[in-house]
Structures are given as structure tokens and as C-alpha cells.
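After this come two complexes, each holding subunit A, first together with subunit B and then together with subunit C.
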Partner chain A sequence: MAVEQPERDSYTGYLTTGHEWNGLKELNTPVPRAVYFFLILTFVFSVGYWVLMPAWPLGVTYTKGLLGIDQRNLVAASLQDAAQERSVWTKRIETESFAAIQSDARLMAIVRETGHTLFGNNCAACHGADAKGGPGFPNLTTGSWLWGGKPEDIFNTIRVGINSTHPDTHVGQMPAFGRDQMLPRQDVIKVVSYVYSLSHPGATDVDPAKVEAGKAIFAANCVACHGADAKGNPELGAPNLTDRDWIYGGDFNAIDTTVWGGRQGHMPTWEGRLSALDRKILTLYLVDKRTPRP
Partner chain B sequence: MSLFGFHYRLERKAIGLTLAIILVASIGGLVEIAPLFTIHQTVEDAPDMRVYTPLELAGRNIYIREGCYACHSQMIRTLRDEVDRYGPYSLAVESKYDHPMLWGSKRTGPDLARIGEKYSDQWHVAHMNNPRDVVPVSVMPAYGWLLTTELRTDDLGLHLKAMRRVGVPYTDDMIANAAVDAYAQSNPDSPLADGVTKRYGKATTLRAFDGQPGRLTEMDAMVAYLQVLGRLTDAATKSTARAEAGQ
Partner chain C sequence: MIAQLTLTERQHAIMISAAVAVLGALMILVGQDDAMSIHGVLVFVASAIMIFRIGGSYYAPLPSDDRLAHYYDDPSKVGIVLSMIWVVVGLAVGDWVAWQLVNPDLTFGPGWSSFGRLRPVHTTSVIFGFGGNALIATSFYVLQRTSRARLPDQVSPWFVLYGYNLFCLLAVTGYLMGVTQSKEYAEPEWYNDFWLVVVWVTYFVIYLRTLARRKEPHIYVSNWYYMAFILVVAILHIVNNLAVPISLGHTKSYSAFSGVQDAMTQWWYGHNAVAFFLTAGFLGMMYYFLPMRAGRPIYSYRMSIISFWGITFFYMWAGSHHLHYTALPQWVQTLGMTFSLMLLIPSWASAGNVLLTLNGAWDKVRDDATLRFMMVAGVFYGLTTFEGSFMAIRTVNSLSHYTDWTVGHVHAGALGWVAMITFGSIYASVPWLWKRQQMYSPKLVEAHFWLALAGTVIYVFAMWNSGIVQGLMWRTYTESGTLAYSFVDTLVAMHPYYIARAVGGLLFLIGGCIGAYNIWKTIRISGAAAEQASDVPQPAVVGAGTLQPAE
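What follows is the complex of A and B.
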């Protein structure tokens, strides 16, 4: 193997690689200085970074960096800053009564905006983005509330939930009168006819004899929860059967399904997930939503 | 430059160059990954953490089978807006029993790391059956067949065994009773239900997840899994509280 002699190209002044392909020679052009410069710059930067930020593993621990930066502390600080910024109005919502906040137009404007976001993130999945609910999930804008419609009641319901995992949860259950054989099939049809007639006065599509017979069955089986006037009982979460607001549907077949198979709705507790402030904002948001604004 | 002189000489030796490339390319991996085996400060302690029950593990397998991870992440990052929206940021220890982890890399739907017990079982069933029934603007596909497909349980013990091979502390008792426990967890009134509580702890949720107490469907497994996400340990809640108190 011949010793390769560096050969300088006379035109560019650079060395060649010494190879020759059919008379063509390859220049060995040096890397431009700017590239060296930026390469050195990135090395210098990384040395600074190693010193300032968490970087090197040291067996069972690692270098923490002079700046002491920790992503977890950063997010905690930014959450605190945000809470601090909002404290101008959050303090008032936390301490003032529902009535006082409701009469303050500026606070209520904030409640509508913040409440909308909170509702969208947490409640809208079941109750709908417009709070109008859907089959199986209550409409929150009608003003008929299973567990009481005062702001304090709504606040408490959001806190403990319904048939939830919270120790103080609201517990409510509509028994399965048909499936569990508490009433024979014919009696179920009679009492369903009666219940249907309550919210559909003057309806011609049910047999008046069955309605009349259902009245007695209702008195014997249903009044304990729904009341003699069938207007429900917020202590037990028993719905008013005389209005047109139905969670599971108010036509004959839907009522029949409910009486036959029972119902047990479930609302999660929000105590562990949302702060008392957030829950109060949501309460005010809902109370405001059912009050038609001029 | 002598450094380049060295490189010129190296370039002429094929095997030497290959070895040098492997050596240099592995530095990044060694520095990033190897220390995780010795530095335990980066993973929090969660002594109270429980393992997935067989039913929840079956649900996890369905989650993987249906590719849920392609649209849903299970990783809340340390960013203010994520903590505001989803809850406490995810900790490494929370994925301790996830083989493989399902952190995901893209969110077409929301993050699910803290979805457990956020919504009711009825909602999950209605949503899985047809997402548009409860969320009109949803683009999620419907998974209605989960409600009618019987869950396969005969191989659950083997799934538990496989998990034990990679470090999940399932006991022989758990493995032997896997199929029975899967059935009992979705039938709280069955006499077998006590066994689930005994083996997996009092905090285990026993419910007819799909609303049909007599049947064990894939929907039972799926909802059981979704309802336990973020609830195997409360280490994250504690850690956020500590950080907010400035400790």
C-alpha cells in the first residue's frame, strides 16, 4: 500500500482526500468555523445546565442543581398564584350567604363564567352541556329537585352525592314492585294508570276504571315516599309525580318500566374532587340557571 | 486537528467504527435509564396501593384490545391547566402495576387518569353503548357489544400469573380464585363476594357494574376498570397537598 501524500488542490487551496476516481479527486474541505462555534456554544450551555438544573445521576441520588427547580413545586406555585389572583372575589363567595351573592350582579357574572367551565368539566357528561339532562339523568333547569331546591340543599347534594360512596350520601331507591313480586302484574298496570293520570289530567288513553283501582294501590304502597298528594318528598328523594318533569320518561310504558323494575339513580360525591368554593359556585350557577333572567 | 485525525483512522476500520458507534450511541440511554434502577427518590412510596382485581385486569385488557389508549391518555402532567381540569398530577408509583403502562401520547378524548368514580356506572354503560346518547358532540365510537358479550374468565388466572412474573404481587390464593373473584365482584349479593374483599381489601368496589347482576359481561370488566383508575392509591392526593403546603 502506497503511502498517501496529502495533495493540495491548486484551485481552492484545500487538501484532497487522496482518492481518485477516473480522474476525479475529492476535496477534503474543512468544517466551517461557524459550525465549530455553535458546537462549542452548546457544550458550554450544557455545562451551565448541569450546574443549574437537576442533571447527573450519582448512584442512589442525583445532582439537584443550584436553582433548585422542581416541576412539582412550579405547578404548586402557579396554582397558588392563580388562587391568590382570584381571591378578590373567591373570598366573598366563600364567606357571604347565597342570597347576598345572588343579589350582587358582578359576583353573579363571575359565577356564570366560572360555573360554566366547572359545569362543563364535571357535570355536563351526565346532565348535558345545557344542564337539561337526558334519559336517566335529571334536567337541572326545571326547578323540580329530588333532594330539595334551596341553595343549601343543592350544595349538600353536590357534596354527598346520591347513592354514592360518601358516608353521608343521600340514599334513595324506588323498589321493583313487579320484578320483586311485591305487586301482581295487574296491580302494577292499575297503579301505573293512576300515576299516569296524575300528570296527564283528562287523558283519554288510560282506562278510568284502572285509574280508580290504582288509586287504592297507590295509597297502600306508594304514599310512604311519594306522599298522599303524590307531590314527592325531598327528604327521601321521592319525585313529584304530578308534574311533567320525568327523569326516566313520563309516558305509560316508561312509568310501567319504573314501577316494574324499580330505579336507583347514582350521583357521585364531589367532596373529594371539588373544593367547597367550586361546589358553591356550581350551586349558584344552577340556582341562577333555573331563574329566567330578564 | 488530532481528534479528527483519530476519526480518520477509525473510519478505515469497519468493526472498530461499528463498536465506537454503539458505545457513543448508548451513552444517552445509559445516563437516562440505568440510574432509574438505583435512584429510588424518583418513584414515590405507596405502601397502601392495592393490585388490580381480576375483573379490573380483564377490563384493562379490553381497554388495550379496543385501542382506547390511542385517543385517551392516562397521564396528568405537572401543568396548571391539567391539574385544574383533571386533578392531581400523575405519579410514577401509580403506574407501578401497569404492564404495559397506558400513559398514551395523544388526547382525542379526555385524560382518564382520574376518571374513577367521577361518573356513575349507569353513565359509563350508556356512554359506552352509544356516546352520542349522553354527549351529543362526541366523536367516540360506540362499544355496544361489550354489554352483550360474556366475559371470558377461564384464562384470568393465567393473566394474573403473567403479571406476577413481571413483579405484581399477586398471591397463589388470588391466582387460584381469579375467575370466581371476577364473577363475585360484579355480583355483590353473591356469597362469594366476601372472598374479593378478603383478598383485595375493603376499598374494593363490588357492584353490578353493567346493571345486570346475574351476568358477567365485558362491560362489567370495562366499567370496573374505569371506576378504579386513579384509585389504587391516594398517594397523588397526598403529594399535591404536601406540595401546596410548601413542604
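What follows is the complex of A and C.
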């Protein structure tokens, strides 16, 4: 056993402990008072906190604390307070008609504010933060609506969804005319030419003969849903084919893909996830946001 | 390295490798329809390589008894090299995922490159690959020198080092295939967890056996911390990973805990992993390499004692501060918060103890980037522990929780404290281990230091801003009493900070690459200087590197 010989460190003036490891030594400097002071301070604070708040377990229960604070009660109370505060305007939105709300500038200001967050957190993932959609997801600002554009229609679509799990869901399907051999390839090309010409009047990049031939095929196969004038049918979710608003693309190839392979879009039901109030705000938000075509 | 093994040790090494190879073959057999078979192949190939390497030198001349008069440093050398490989990989993947957060399309398509799989590759590579290897390497180094005793045998240290790296390899390759328990920092599945237990217990036994053979009357502070690290990590690992596999042939398992108990167990584990893996182990490093490099005695033995017991006692209670305002009963949150506050004092006492140790050596801090790495690590340790206690306060946590502030806090600790102390310790020990006068290029050490510091500061400031902006936006209400911002609005606001973070990470990565290059060159330069270099340059110790009787 080495004899432990404390040495005096010339720089600090303190003694070492006499321990040494491979040349490493330790000073025996006393612990600064501040360390004890703050240890005691944090301990005293903790004891105070334990006395006031729920803290120590006691078998099947725990010390409840003198303040009687419980995070569940607090959050329930603050949710209730917040709902109470909002009820000034939520009651009106819940009960008044769409038209009445739309004519109230103050309510519509709230709709724009609140609708922005609701839309951002629930709808933007598919329809985009600006509600302008993307390939496969409709643009909600154009004024052309698959399932009807009246506020009541939009409200209902948000409620039940499209091809969703809701019992009253909108059900819509564009058959796969080509893939399922309902039409031969040449006929698909003809009808696509015709459909293309509807939204591109005077287009020179399609064969007029095929357009003409396609018209008859359209009449035989497509009018049941899209109508004789090809302006669609919101009862069936059939889109208007004469405008420039396309969900899956309106150029020749995109239309060809749609006619060939069919389409069956999906929108979830929001009834179980958003309250009727939230859905009504979203409806009003969208009605307000859309920019009707002249 | 095999030439150092005795014949019995060579036989033992082959037998152990063969046993592991059989395990690998079994995994291939029973896990045929599962990712487990791929892991079986990895295990089998790894142990086959070991068998061939040992077998190839089986008849090499046996080592002389001379070896017993020196410390056994080969595992430490290999551990440092592995650690530098892991850090480059881990930082690179980390920066990749940071850029993915800037631009989500940077996955380039395949499933393995998605954020969810790469992120644990990053965390495991840097925490367990880099940090773990550095801890194993430095702990063997420090243990022998502060005990004046050689490691008890020459096989078990290799088993620990290579076994541990096999664990890390199975972990990260598993994540890429989607094999995960989904427990943060405890992602590896049940069979890999079993393996780590075997490795870890062996590690602890080496520690105990070496300490039992020590020639010094006292056990040095570093060893208290290394022991706490090994022991507690074993406990945490075993408890948090209690799980039932769906079958012995499948990687998937179900945790023994569910609901809020699962959350509590996970964060008891998670926070103590921070405490005992990322703090205690690295404090062990700091307590040896900083005073050695500075050539100063530890400022206060008494402070060492107070901080050690304070840290080990208080940390155990703090985990529930990760679950404020959740389904966890409030009394548990109270305990987590108050113990986190009390924890600040021993943490600061530790930071203070090492920084005050530098009194009388601040000129060296100015001139020597290696010591400066360690000094800055001490400062970041102090900053991060203050921030941690602060964030554990419930009302502060209500702003910081779930935001990037947490990410910033973690990286202040991981980059500023853990990585800095590790780089400092590695730069100190590489010349000592390989008997060189100094690093290949002290200028590159200097460059690494400034890149690491700049990277850390940019990263942390970016995440503070991002996190606080995010937290404030989440709690902003409109006049009509509804939330003002959608989640996507907060992402748009955070985008610039994400770019800054990725740039900071890139600087840190470049620093890490420079460090790896510098260490590689130091190892490769000819041994001319080696003859004159002593094991421990300052203060000079007679016959350092050899065993000294304490009498």
C-alpha cells in the first residue's frame, strides 16, 4: 500500500488527497458553499411543490396536494370555458341558414379565420393548402362541383364522403371502357377525341373524323351519366366534360387513360371526425373561397 | 493482434466464434420467411470471418510473457477506429435526414430510404456506434491505467467489442428492413436485445475482474462513472426490452408493457439512457482525459463525490418529465419535474469541477484544440443540463414539448457535450495508444474543432428558433377563440430553420470526416517518432504504459 502523501498544489494552494493514478491527482478542495446552498434550495422548493401538488404514491392512492389541483379537471374546465366563450358565434353558425351567415360580415370573418385552420389540418393533405387540388384531387376553388355546389350539397358531401365507409356515402364510378372491353381500342380513341373537342372547341390537334365518329359512341355509352350535353350530373357525381376543370387531367392522353382504365375517386366521411359545426364552417369556407366562372 | 493471444485463448476465441456461427445458422433455418434469415446470414458471415482470421494465425508464434508487463490496448485501438467509422456514417445519415426534412423528396423512392427508417439508423449509429465504441475503447484504456492492472484476459475484451458492433450492425440493418420495436433508442428487436445482454454482462465482468486485480488502493472517479454506466444500462436495457416474440423464427415481438405503463417504462429507460449512457460514461471519459491533457489535478475530490451520487440518485426519477400533460398520473409528473430540478445542482457541480480543474492550464486551452474540445464539452454539459432541468418544469414543457426545441436540446447535448468530449478524448489517446509524438496534423484538429463548434451552434440556434416559433404557433388563438394556425402553417414557418439545421449538421459532418482522416494518417505514419513518445506525455510518469507495483 502506497503511503498517501497529500501535497500542496502551488497554483491553488490546496492540498491533494494523496491519491494518485498514473500521475493523476485530486485536490481536496472543500465543496463551494453555493453547491450546498442550491442543493438545499432546490430541495426545499421540491418539498413545497410536493405539499401543494399531487406528488407521492401511497399504495393505491397518492398525496393529493393542498391546492387540490388535478390536471384532468383543469383541462376539462378550460375546454368548457373556451367553448363557452366561442358559443357567442358558434350557436349562430349552428342554427342560422347558410344564406343568413353568408350575409353577416362578422360571422364570415370568423369562418375565414377558423376555416383556414380546419381546412389546413383536415383537407389540405389532398386538396392542397390553397384548396386548388392536384392530380386526382379536385380543385375546390373553380365553382365546378362533382356532387353539387350548393352549400347544402357541399355540407352533405363532407358528411358522407365519396365511395367511403359511410352508409349514405356518395357512390360514383367511371367504368373502365377499354380495359374491361366494353369498347374496342379504336372506339375509345374516337370517343376520347370527341370528349377532348368538347373542352377544346376548334382544336386542330384531333382528327375531325374521329370527333364525329366519337359523338355517336358518346351518345351510346356516356350520356347516361354525363348527359346528352356532356355537362355532367351532380346526382351521380358525373363531371361536366365541357369545361376546363379536370381532376385527372384534360389533355388527350389523360382523358384516354381515364376512359380506358376508369376512375373511382375516394373521399373519406368526416361525420365521425369533425363536429357538425366544423363541417358547416368548412362548407362556408369553401363556398366563400371558390371563384365562380363568369 | 491474434499473435498476442495465447494458444488457449485462440482456442476459446474459435469456440466462441463457432458457437455464434451456429446461432447464425439457426437463425437462417428458423427464420426462413422473415428478415431474421438475413440477420442469420450476417451473424454467420461475421463469425465465419472471425474463425478464418483466428484459424489463419492459429500456428503463429505464441506471445512472450513480456506482454503481461504492458497494458492490453489492442481492443481500445480497434474500438477507436470503429468509433470513427460509425461517426462518419451516423453523421452522414443524420444530415441526410435533416435535408429530407427540408425536402421530403430526398428519399429517392425505396422504402429503406424513408425518414422513418433512416432516423433510427442515424441515432443508433451516433449514440451506440460512435458513443458506445468510444466508451468501450476509453473505458478499457482508463480502467487499466487507473487500476495499474492489465485486463484479466485477452478474449473477453474482443468478445465485448466485436459482439457490441455486431449488435449495432444488426440494429441498423434491421431498421432498413423495417425491423423495429418502435421504442425510441431501444428499437432493436428481441433476439438482438438478448445478444446485447450477453455482451454487456461480459463487459461488466471484465470491469469487476480488473478492479479486483487493481494495484491502486482507491478506485478513480472515472471508474465510478464507467461502472454506473455499464450497470445501469444493463438494468434499463433488460427491463425496457421485456417482450414476447410472436415466434422464435420471427423478428417481431410484443412488449410486456402496454398503454401508459409502456410509455413510462420507455421514458424511464429513455431518460436514463441519456443519464447513464450519454452522461455517466462520458463523464468517466472527461474525468480522465481532461486533467491528464491539462496536467492539472482534479479541482475537488469532494465535489466529485457529491456530483456522482447526486447524478446517479436524482436521474433515476426524472424520466416522467417526458410525459408531462399526458395520461400519466400527475403525481408521477410532479416527481419527474422536482427531481429534474434537484438534478441540476450535482450536474453543475460536475461541470464546475472539471472546468475549475483547468485553472492553471487555461493557456493550454488556448493553444491546444484537443483540450479545447474537452473544455467546450464541459461548457455544453453545463448548458444542456441547465436547459434540461428548465424544460422539465411543467409550464415550460407545455411550450417546448413535441417541438424542435427538444431536438435542439438533445443536439446541444449530443454534439456539444458527448461528441466534443469524445473527439477530445480520442485526439488525446490516439498518440498515446499508437506511441506517436502527436496527431498527424494539429492544424486539422484545430479545423475540426471550429467546424464542430460552428456546426453545433448553428444547429442549436436553428432548433431553438424553430421550436419556439412552432410551440408559439400551436398555442396562438384567434380573437374568436379558435386556433390561428394549421399544422402545415407551422411547417412553412420552420422551413428556413430546417435549412440552417442541415447546414450546421453538414459542418459537423465535415469536421468528423477530417477527424477520421487525421486519425487514420496518425496511425499510418511511420513509427520513427514512436520510440521517443511516452504513453502519458504530461506529467511524465516513470515507465508509463507498463505495470507499476503500487508499493
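We take it that the second predicted complex is superposed on the first by the 216 of 294 C-alpha atoms of A that agree within 3 Å, B and C clash if a C-alpha of one lies under 4 Å from a C-alpha of the other, contacts with A are read in each partner's own complex, and residues count from 1 in each chain.
As a convention for this text, a contact is a pair of C-beta atoms (placed from the backbone, for glycine too) under 8 Å apart; a residue touches a chain by one contact, two chains touch by 3 or more.
No experiment lies behind these values; they were computed from the predicted model shown.
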{"item": "Touched partner set for A:Gln80, first subunit B, second subunit C, both or neither", "value": "first"}
{"item": "Contacts of A:Met267 with subunit B and subunit C, given as first, second, both or neither", "value": "first"}
{"item": "Partner chain(s) touched by A:Gln71 [first = subunit B, second = subunit C, both, neither]", "value": "both"}
{"item": "Contacts of A:Asp9 with subunit B and subunit C, given as first, second, both or neither", "value": "second"}
{"item": "Subunit B versus subunit C as contact partner of A:Gly23, first or second or both or neither", "value": "second"}
{"item": "Subunit B versus subunit C as contact partner of A:Cys126, first or second or both or neither", "value": "first"}
{"item": "Partner chain in contact with A:Tyr62 - subunit B first, subunit C second, else both or neither", "value": "both"}
{"item": "Superposition-derived comparison: subunit B or subunit C, residues of subunit A touched", "value": "C"}
{"item": "Partner chain in contact with A:Ser46 - subunit B first, subunit C second, else both or neither", "value": "second"}
{"item": "Contacts of A:Thr114 with subunit B and subunit C, given as first, second, both or neither", "value": "second"}
{"item": "Contact residues common to both interfaces of subunit A (with subunit B and with subunit C)", "value": "57, 62, 71, 82, 121, 124, 129"}
{"item": "In the complex, subunit C residues that touch subunit A", "value": "145-146, 148, 216-218, 220-221, 288, 291-292, 296-304, 306, 310, 325, 329-331, 333-335, 337-339, 341-342, 344-346, 348-349, 352, 359-360, 478, 480-489, 536, 539-541, 544, 550-551"}
{"item": "Touching residues on subunit B, where the partner in the complex is subunit A", "value": "31, 34-35, 38-41, 78-80, 83-85, 87, 89, 117-123, 126-127, 133-137, 205, 237, 239-240, 243-244, 246"}
{"item": "Contacting residues of subunit A [partner subunit C, same complex]", "value": "1-2, 4, 9, 11-12, 16-17, 19, 21-32, 35, 38-39, 42-43, 45-46, 49-50, 53-57, 62-63, 69-71, 82, 85-86, 89, 110, 113-114, 116-121, 124, 129"}
{"item": "Interfacial residue positions of subunit A with respect to subunit B in the complex", "value": "57, 59-62, 71-76, 78-80, 82, 121-122, 124-126, 128-129, 134-137, 165, 265-268, 272-273"}
